[in-house]
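What follows are several structures.
Here come two complexes built around chain A, the first alongside chain B, the second alongside chain C.
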Partner chain A sequence: MPHDANSQTSARAQPHGGGQPSVAVLISMGRHPLTGRARRADQDARAVEMALSLSDARPRLLHAGHFDQDSEAALRGYLGMGFDALELIEQESGADVIAALSDRLRETAPQLVLTGARAENGEGSGLLPYLLADALGWPIVTSLASIERIERGEATLLQALPRGQRRRLRVRLPAIVTVDSSAPAARQSAFGPARRGVFERVAHASVQDAAFAKWDVQPARKRPKRLKIVKATSARDRFKAAAAKAEGGGGQILADVTPEQGAEAIFKLLQEEGVLR
Partner chain B sequence: MLDILLPILIFSALALAAIGALRRVRLWRQGRPSPVPIAKSLAAMPRRYLVDLHHVVARDKYISNTHVATAGGFVAAAVLMILVHGLGLGASEGLGGVLGWLLLVASACMFVGSLFVAKRRRPPPPRLSKGPWMRLPKSLMAFSLGVFVITLPSVGVLPADLGSWVLALVLAGIVAWGLAEMVFGMTWGGPMKHAFAGALHLAFHRRPERFSTQEGGPGRSTGLKALDLDDERAPLGVGAPRDFTWNQLLGFDACVQCGRCEAACPAFAAGQPLNPKKLIQDMVVGMVGGSDAHYAGSPYPAPEGGYKPVGEHGGDPHGPIVAHPFANGGTALVDAETLWSCTTCRACVEECPMMIEHVDAIVDMRRFLTLERGNTPNKGGEVLDNLIATDNPGGFDPGSRFNWAADQNLPLMADRQEADVLLWLGDGAFDMRNQRTLRALVKVLRAAEVDFAVLGNEERDSGDVARRLGDEATFQSLARRNIATLSRYRFTHIVTCDPHSFHVLKNEYGALGGHYSVFHHSTYIAELFDSGRLNLKAWKGGSVTYHDPCYLGRYNGEYEAPRRVLQALGIEVKEMARSGYRSRCCGGGGGAPITDVPGKRRIPDMRMEDVNETGAELVAVGCPQCTAMLEGVVNASAEVRDIAELVAEALNEDSAQDRASRRAQQSEEALVS
Partner chain C sequence: MKDDLRRDPRKEWIARNRLHPDHQRVLAELGQLERGAASAEWLGPNGLTRRDPHAVGFIGPNGLKRIDRSGAQQAATASDTRQRGAAVDTRQSINIETPAFVVAVVPDMSGGRLSSQDRDVLGLARQLADADPARPGAVLAVLFGEHKEDSLGEAGIDRLLHLEGDEFAGYAPEARLAALMAVEREWAPRHWLLPDSALGGADLGRRLAARIGERPATGVWQLNVNESAATGNAGSSQGWQCLARGAAGTRDILRPLPRVVLALAECAEPVYETRHAARRVELSEALPETLGRITDMGAVAVDPAGVALAEAEFILSAGNGVKDWEGYHRAAEVLQATKGASRVAVDDGFMPRDRQVGATGTWVTARVYVAVGISGAIQHLQGIQNCDKVVAINFDGGCDMVKRADLAVLGDSSQILDALVALVERYRQQQQESRDAA
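== the complex of A and B ==
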């Protein structure tokens, strides 16, 4: 799978204060939704913010991907959040960066790897964290709201669920955690540190993504939104409709079924919904 | 006995003053270099003092007359005293007698002046500093009276051996007090420091273009100085006092603490934590090192009411001006909110008799906070991100900038390549209220058959907000791209209804290579009317007042044209107490609505009260920011209309004017194409 433009920072443990966690943040090149200009990717920047908010950790940034003028501008955006340097694994355009990232992570052995849930560029499938976790054999936690504490090789995390719900999880380190828009917004990127920051280059051979090269890529169309017909006649009803949980009930929980049964159920649902004809 | 004492006193005071002067110069030279032509500057100083400075001081007749008597008397008395008593040229025979009499006149003149200085401080108005400044009138009197009495024997009015040695000692003591304050205090940091530092500040001012010359009228220099972003070692703004240029530090030292800036500052009046006078004094504290405990004027207002206590802030030339946000509530020289309260309205600079550049200093310090710390408060970071990503502060799709004019059929520069007038629309193009102004302006230009075109979606934010939020990098990026766009087309003038774009295009693009003839729409409409191209109906509405936008008035000296337009409409403007160069800001400049520092009241509310006092039913404005701020006032007594709207309504056309004009336009365009 090609995951162009994804990078990571690794935080090295500080020698004092009882073993601070070494934290790495994988950062990618973002793309502004309106103008398409290169920028910090929103979710990755939130991951960096979360890493910076850990009081002891000295997070390090890492990026693997094709390096050009645009991606330099985007990466400097992360440096502007207060970093002297970031690690850069330069890859050919269109390379699959999983191998480069997993090799580097194995080498630097950070305890915690933070990253955005989905890249704004390239394939943007959101699969990279899973594939990395798979390659490294680490647990993965998605949609983080905050990191409460890290002690004795275990992190206490707050995971964001829909409608503002939170779930507290404890996870054994090392682990990969992903951050989406429920995490706190990233701090401003300052011009001075962004300009001064340096790229520490790490060599790694590019692995061309043969499958992706054959794909046709076109701009995504906005998914149509289901119309929500509000039949309410009073303000109270309208408020209830706005605040109500999404209607459940229509779904079906399949447990302990064979893959074939599961696939069949999904196929049936897609047909019912008119996605497949 | 005085014959022996006086020369000793005078020359030791002069020697101490010389040592103090050297120490002071060393303090200033901690700043960054800023090359000035030394001899030429010093030669220009007397004129700057006698003409430009006096011009500002003379806005208050009482103090200008007082200052002429006191300062003039002192300078003459000091020189004559050195000759008469220091060098002993005061013998009553020959030329010496004349000098003695002149000295008597000079010191008497100074004494009369010092009486008025004393009278003004009974009781002192709140804007004046107390502390050592309360001592100054007495010191002035001691000096003038002492010199007067010791000179009487020199001219033979009194016998030389008058009284006893006791009296001589008392007299010597009084003269010593006067000398200590006036001569040695001048360079060792007493109130008279303003004379020494002020004279040099006038000579080595960072904006020599501000001063009038014999050839022309008063000059103007209001554009912010560009940062050199290509030099990676140059500091990005001012983080510590030593990052100011040496002549900026010298300028801070020139402050006479008269508090005129404080009285003019809209943020101070609104209870936001800014007092320009205190800010300048804090910079002096930073330059010298120490705490602000000795400050004796009004402190910064505290948002929760009252004032911020004095004595908790301090710094040194190499220390930070603003404490690092993660330094756990520590304080440094000033708090960040003080710097972000400023609306950059320049009222303080306009009022300052010492020609200190407060706004330059504030923007310099903001640059550091934004460019180095990434710490622009409130919506600042978001607005800057929007400007970087979408070229407008609201984060709108740049491709929708021109959507408002879908029905206007405006000629695009991209199609036309050239036009007489390039109409610069500004970011108000995204704002529905300002779109009404733009429509009105287009209607006026069409009625006057002006050959104009617009950039449409090719236009970007002028960079005004980015620059005033301290983001020089984004400003320069926007400016350079705008300049590149403008360079592709041929036009004679730029006309805009946004004074902020007007100022930036006219005064700040020059340093980046963009030189244009720019008109504010009020100026351009006034010229159209004067040349008979507009046929206007008489005004039938109620009474009208006019609000001067800071960036049109104080920044660019255009007070007349908008009033001429209103006059052309048959409107007699009911002037507000604060109008013209003393106009009060609407609160919308300098990114203040974005950083939104809390105060006790809102600046636009105060401005609307000014409007209310005139009893006007309508306030004419010439700025999208002012329109937005004043229209945001709840329960306003007056309607807010742009000058362009007033003119557009008064255009003489038949009742079916809209249809007729549209038909006329269409046929006109058919001819063109």
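== the complex of A and C ==
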């Protein structure tokens, strides 16, 4: 994948303000699902990738959280995508970062804030973008597949729907958007920039998340499979349910109709189901 | 036998005693004479049921005597009360007049129907509502927009708030949130339950939780009573605990049940033993105007060929019965359907391998699956188990695909497809004209 670090630096060299929208990406520490090793969080990396794909934006990275060896390794992964600095609000471990992030976003006032849908660590409830949006009073749009354009204080977005469908939305800026896993995959992290990047530290008091500390957190158990319970009153019904082929009957059968009549019936069904666009 | 078993021992005794002067009269009274022959089943002197094997059964189509012990067919010749018993809905109907509290559920209603996850969440809501039989709660469902569901009460809904209007159409989280806030003010539900499904309840539920300042439990997949805390206040919401998936599905979090719950599929058994009233309720005050900062500009046409077969919504699938392949491809284009195929069509080289539906191909989940000239071999039917509506176009009215189909049209596939293409093209043209006129 071509690494367009040049366009990045030239974009960043321009003076602050002006026409281009300022974009902030909230990043967090990810964890490999099998090895548990610290790494970029997949959805956050996609959000960074999406920010980088905006031609005239100057994305900035923002992280709030506990800083140690693990999280440094993960955060440097993001720097390796073509950044020379990221903003770090250092917090105690187990802190609730909403206040820190919302204060910082209010201060820096970016036009657009991108995040992943949910964290790979901690509670991972996916609530953070909503709480930030509520605290800042900004609109929030979730599951983005891409950002089409940003102009005159509005962003035109493509939202990923289930079944591979897309929906176009327009949202008033400033706004918070979260990125879906159907967004383009993140580029590789380059080792050199990752090493060279610096952390710009911002101070903020940390607030402990008292409720989370009280909960019992365990590695995920395998969920029990739902049993198919046959509610039948007689042995014959139970046997029929157990030995049934694909459920038959109940369907409407049109025999001896002209092709036109048949097509009419199919057309009606397609329309009722709303699959004809 | 009568509906309610009321026994008159004296009459039974007379009925057994052929020599009793009143024997014939009593037999007639007990309804055993009308059937002519001797009764097949009666209560013996010790209260045991006695059967006469010669009196049961009926003559089958081939002239042989058949005995159907389930009673399904015997009913025609034997007792008629049994037949009525079989047809009657045995589910108990429940009407909660004055609920002690309200549990609000906002089902997704994707495609206008309750999804299976919606039903599971409603089942979960029933667990919460029915925990204390002395003080039952009501399940209030909030539905947006039109729906095609006619069995809402059977899914466990006591109260139904149906909000219609253009402002809720499409992606309208702000208007929906405003409506939920009105529900919150009016009924103050003890719990809010939503399916944790992308773009449905997951989005709306988190907005709601952020707005009312409750920390929700997300990805909930199990609900249980906290034994240690439950003593004394069993059934009240303090005793509930939930098990939720966290950290991208790698952790289980055990925590007390909060007010707002976003639940995964199969979090509870759906309701099927009771029927509920699903009585309509209305909001007492009109909804306030919302300032819409998000505008839905409609669906974007995606290339149906680019959609993965497994998640396609509308599939036009071709089998050995397709003779006119040009026509089939044109039909798929005009209908904007994703193409699928049976194994034979693939093996014969008419369709690429990645389009094969079935046991050795892709398991599809389409909402509408149109099978053109596919016989419905079990390997193929397995692959379409999760499809909602199946349409079959086939010569042969007896094949398994026709049995599986919700709508089967018997006839030549090419002619029917051609007629369908003509219809859809006309429809598209009309739409275009009305759009141009507007």
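Keep in mind that, in the parts below, the second predicted complex is superposed on the first by the 203 of 277 C-alpha atoms of A that agree within 3 Å, B and C clash if a C-alpha of one lies under 4 Å from a C-alpha of the other, contacts with A are read in each partner's own complex, and residues count from 1 in each chain.
In this text, a contact is a pair of C-beta atoms (placed from the backbone, for glycine too) under 8 Å apart; a residue touches a chain by one contact, two chains touch by 3 or more.
If you're wondering where the values come from, they're calculated on a predicted model, not measured in any experiment.
Visitor: In the superposed arrangement, does A:Arg37 touch chain B (first), chain C (second), both or neither?
Guide: first
Visitor: Identify the partner contact of A:Tyr130: answer first if only chain B is touched, second if only chain C is, both if each is, neither if none is.
Guide: After superposing on A, A:Tyr130 lies in contact with chain C but is clear of chain B.
Visitor: For A:Arg226, decide between first (touching chain B), second (touching chain C), both and neither.
Guide: A:Arg226: touches chain C, not chain B.
Visitor: In the superposed arrangement, does chain B or chain C reach more residues of chain A?
Guide: Of chain B and chain C, C contacts more residues of chain A.
Visitor: What is the contact status of A:Arg167 with respect to chain B (first) and chain C (second): first, second, both, or neither?
Guide: After superposing on A, A:Arg167 lies in contact with chain C but is clear of chain B.
Visitor: One more residue to check, A:Trp215. First (chain B), second (chain C), both or neither?
Guide: A:Trp215 sits against chain C, while chain B stays out of touch.
Visitor: In the superposed arrangement, which partner chain does A:Phe267 touch: chain B (first), chain C (second), both, or neither?
Guide: Second partner only, chain C.
Visitor: Per the contact definition, I'd like the list of chain B residues that touch chain A in the complex.
Guide: Contact set of chain B toward chain A: 232, 236, 370-376, 380-381, 384-385, 388-391, 395-398, 471-473.
Visitor: Contact residues on chain A for chain C in the complex?
Guide: 31, 33, 118-127, 130-131, 133-134, 139-143, 156, 158-159, 161-172, 175, 180, 211, 214-221, 223, 226, 229, 231, 233-237, 245-257, 259-260, 262-267, 269-270, 272-277
Visitor: Considering only the defined contacts, which chain A positions touch chain B in the complex?
Guide: 32, 34-35, 37, 39, 80-82, 187-193, 195-196
Visitor: Which chain C residues qualify as touching chain A in the complex?
Guide: Residues 68-72, 90, 110-112, 148, 170-171, 174, 198-199, 202-203, 206-207, 209-211, 215-216, 218-219, 221, 245-255, 266, 269, 272-273, 293-302, 306-308, 311-314, 335-337, 367-368, 370, 376, 378, 381, 385, 388-391, 393, 397, 400, 402-412, 415-420, 422-424, 427 of chain C touch chain A in their complex.
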